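In the two complexes that follow, chain A is the common piece, with chain B as its partner first and chain C second.
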Partner chain A sequence: MNIVIRKCLLAAVLTVLAAFLTTGCATEHRFIKKTAFKDTNQIVIEFAGPVDEAWAKNPSHYSVYEKPDPDIKLKIQTITLSPDRKTVALTFADPLNQNQPHVLTATGITSEGKSLGTAILSVKKVYLGYLFSILIGAMIINNFVFTKYLGLCVFFGTSQKKSTAVGMGITFTIVIVVSAMMAWFLYQFVLRPYRLNFLQIVVFIGLVSLSVQAVDTILRKVNPMLFKAFGVYLVLVIANCIIIAVPLILADNEYNALESLMLALGAGLGFLIALFLMSSVRERLELARVPPTYRGLPIAFVVAGLFALAFLGFSGMSIF
Partner chain B sequence: MPATTKTNFQLVSNGILNENPIFRLALSMCPAVGISTTVMNGLMLGIAVLFVQVFSSCTIAAIKNYIHPRIRIPTYTLTIATWVTVIDLVLAAYVPAAYKEMGIFVKLIVAFAIITMRLETFACKNTVSASFWDGIGMGFGFMFGMVALGFVRELLGMGTLLGYDVLGFRPLLFFVLPAAGFFCVGIMMAVFNYVEIVYNRKKRAR
Partner chain C sequence: MDPALIKMALGGLAVLGCIGLFFGIGLALAAHKFAVKANPKVEEVLEVLAGAQ
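This part shows the complex of A and B:
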């Protein structure tokens, strides 16, 4: 009996998870199967059935812009329709910036003389690669500590010893993933549908404190050894501004579940990397002869400045 | 700590000099490094922090007798979050250009350690008026730090002050780079340390 209940529970959880993952595609039109970038200046739309040639060949039926700037409409040069009338390829005058998601609006789609309404589609790069680029972007290229200057209080407080740094980094990564996913869920399914966007700050900060408390309680019961090692850092996590910045960024950019997961993971791992680098230098600094006015925090700031300069070298890099 | 016996003036000067949030307590470093590129930015964020600090200090001081000790930290957090939401919406409505420049940092005031710390160590033990003056002191101390950093970075980086051309040339473009924020804060802290060391030595010699 018990096993049956467990299986039912598992199935329910899996369904909820699946529902989660597919919500990112909820805005897609039912008649459109796929949209993708092709070459440097093409977007290909694949329809579920044949579309009318007269509709498909008219450029005024399409409008395309990069998601961050809706005012700048991209210019369409030619439109080609495949022989089976199921695939339309839009060729643009200029190469597309494929790192940005594009929004494509197709007005009044007609198929076999029937009107199928307007579709607003988002065009993104090949998915796995896109996710990976979010992860690496948050971890290294836009490292939260060295290029966005967040979480500095905790960063300088816990980077004196390598063991402390690693402990803090791991704890922080776990907490940020948990709390960011919860924040994403609440934002997508409660705050946005009920137009409560202005409550963002209150809700997210409450959620963060709650999830820290939850991780604390769960860890204490499930794995006391681990709790002994990492418990002390849990309190510090709340004082870190990255943990509140990530939900705010997720809400601003309307990321879907997987993208949010990657961003949170990247932020956590990036913090871990930064802490580890910094603590290795500061362990050496203990042995160096530092002028008395610079001892302690001032020299740590100068070192962090050097790291930030080094990380500037990553800026503008793009993967895939 | 019993209720404070300091005068209002001492409370304010304490926040600006002895316990300056940026250079002495080394709290709330993120904005000090991140957006102190111009005097104007520093001033705007300083005003926002001053507002949040004063109002949350007063709120907590007024309701301190009704807060159960075990839930005091969540109460502080929610109080701060409420006032941050207020200033966030006000800034977005009335000064959209400056708000855009400060980006996410206005919302992040909620995570500034300095505000929670003042509530915990001062406001929950003192009267409303004393907390008000303490909040003013801390807010102005933060604003002073931000403006000082902004002054150095804007003057050296772009040769301007508050947008007006002062020098007529750009001495060191390096200071506009975000990474220079770390160097500036580090050097400023060293200056504060140096002054303290010299001051103590003189006192001892006397």
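This part shows the complex of A and C:
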């Protein structure tokens, strides 16, 4: 009986969590069905019912900006309303950068003379593709080690052997996903509502050490073999600056839960890739005839620079 | 001082204190639940050894 109740409770908690994760904190309006990009310079809004023409045709009722810069409003050239008065197409003077989500504010929507309030909508490209582009972006195109030079001390410390490198990479990926999800939750539901954004660094550092400690305690009991394999790296994760960079980035960009998950996963896998590549090269360097002054760390830095140059080839790439 | 700022600071203290307390209790419970029995003799032997390294 007890077990059944426990299972029900667990299921309820999981459903609530899943609901949170899928909805995020989007501020959608119930009268608006869909927003999407069209062509190179159009945004189409689909309403649930007919809107008034006088309201729809007035450009001062709309304001649109690209996500990171709320001060730069995009200039609307023409507005067209479909014959059934359910879809509005905004045409802009300049082409839109469709890789960035845009925020559209429609003030005082009126339908059949009734005011329906203001809607703040985000316009995004097809969602799965967008998530995938965040993942690949964090993993390869903006690899944290090779293009942002973060987490170098752990990177050079643990890339001497392939086995330790892979162990560190996997541990790191697990911890970063756990701590980034907690950081997202706290940021969205505690720090932002209470206007405590300025404390984010302190809170995120605490969260990182918390998740490392929790993984340490739980793994020690649940899977001692894995714990032994991770060894000292688990504690070393705290000293890695990628793990603090990811929560700050996702707080800055106001990512929702899935986007944050993808960013954290991409950062972790990117670090794993970087460590694996570096350790393969360093294992071979052991056999190479390196001049004595360059042996050890100096040649490793030179190799890392070469890798960074190679990764520069991905820069500016856009997916989808 | 602006009373709004003082209110925000006190609210921040309270909120962060609650979070800290919550996670602290959570970690303590986890440590209790997932406690691993360590052999006390290991500690004793380590105590007797020189332990320079």
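The rule is short, and it goes like this: the second predicted complex is superposed on the first by the 310 of 320 C-alpha atoms of A that agree within 3 Å, B and C clash if a C-alpha of one lies under 4 Å from a C-alpha of the other, contacts with A are read in each partner's own complex, and residues count from 1 in each chain.
Here, a residue touches a chain if its C-beta (ideal position, glycine included) is under 8 Å from a C-beta of that chain, and two chains touch if they have at least 3 such contacts.
Quick caveat: nothing in here was measured; it's all calculated off a predicted structure.
Of the two partner chains, chain C is the only one touched by A:T217; chain B is not.
In the superposition on chain A, contact is made by A:L297 with chain B only, not with chain C. Of the two partner chains placed by superposition, A:I43 touches none, neither chain B nor chain C.
In the superposed pair of complexes, A:L309 makes contact with chain B only, with no contact to chain C.
Legend: residue contacts after superposition of the two complexes on their common chain; A:Y194 is shown touching chain C, with no touch to chain B. By the touch criterion defined above, A:V178 reaches neither chain B nor chain C. In the superposed pair of complexes, A:L96 makes contact with neither chain B nor chain C. Once the two complexes are overlaid on the shared chain, A:L186 sits against chain C while remaining clear of chain B. The partner of chain A that touches more of its residues, comparing chain B with chain C, is B.
When both complexes are overlaid on chain A, the residue A:L104 reaches neither chain B nor chain C. Judged by the document's definition of touching, chain A residues 199, 206 lie at the interface with chain B and also at the interface with chain C.
Of all residues in chain B, only 26-30, 33-34, 73-74, 77-78, 81-82, 84-85, 88-89, 104, 107-108, 110-113, 116, 177-183, 185-187, 189-191, 193-194, 197 touch chain A in the complex they form. Listed in rising order, the residues of chain C touching chain A in the complex are 8, 11-12, 15-16, 19-20, 23, 26-27, 30-31, 34-36.
Per the touch definition, chain A reaches chain C in the complex via residues 186, 190, 194-196, 199, 203, 206, 210, 213-214, 217-218, 220-222, 224. Considering their complex, residues 146-153, 156, 198-202, 205-206, 209, 239-241, 243-245, 248-249, 292-295, 297-302, 304-305, 308-309, 311-312 of chain A touch chain B.
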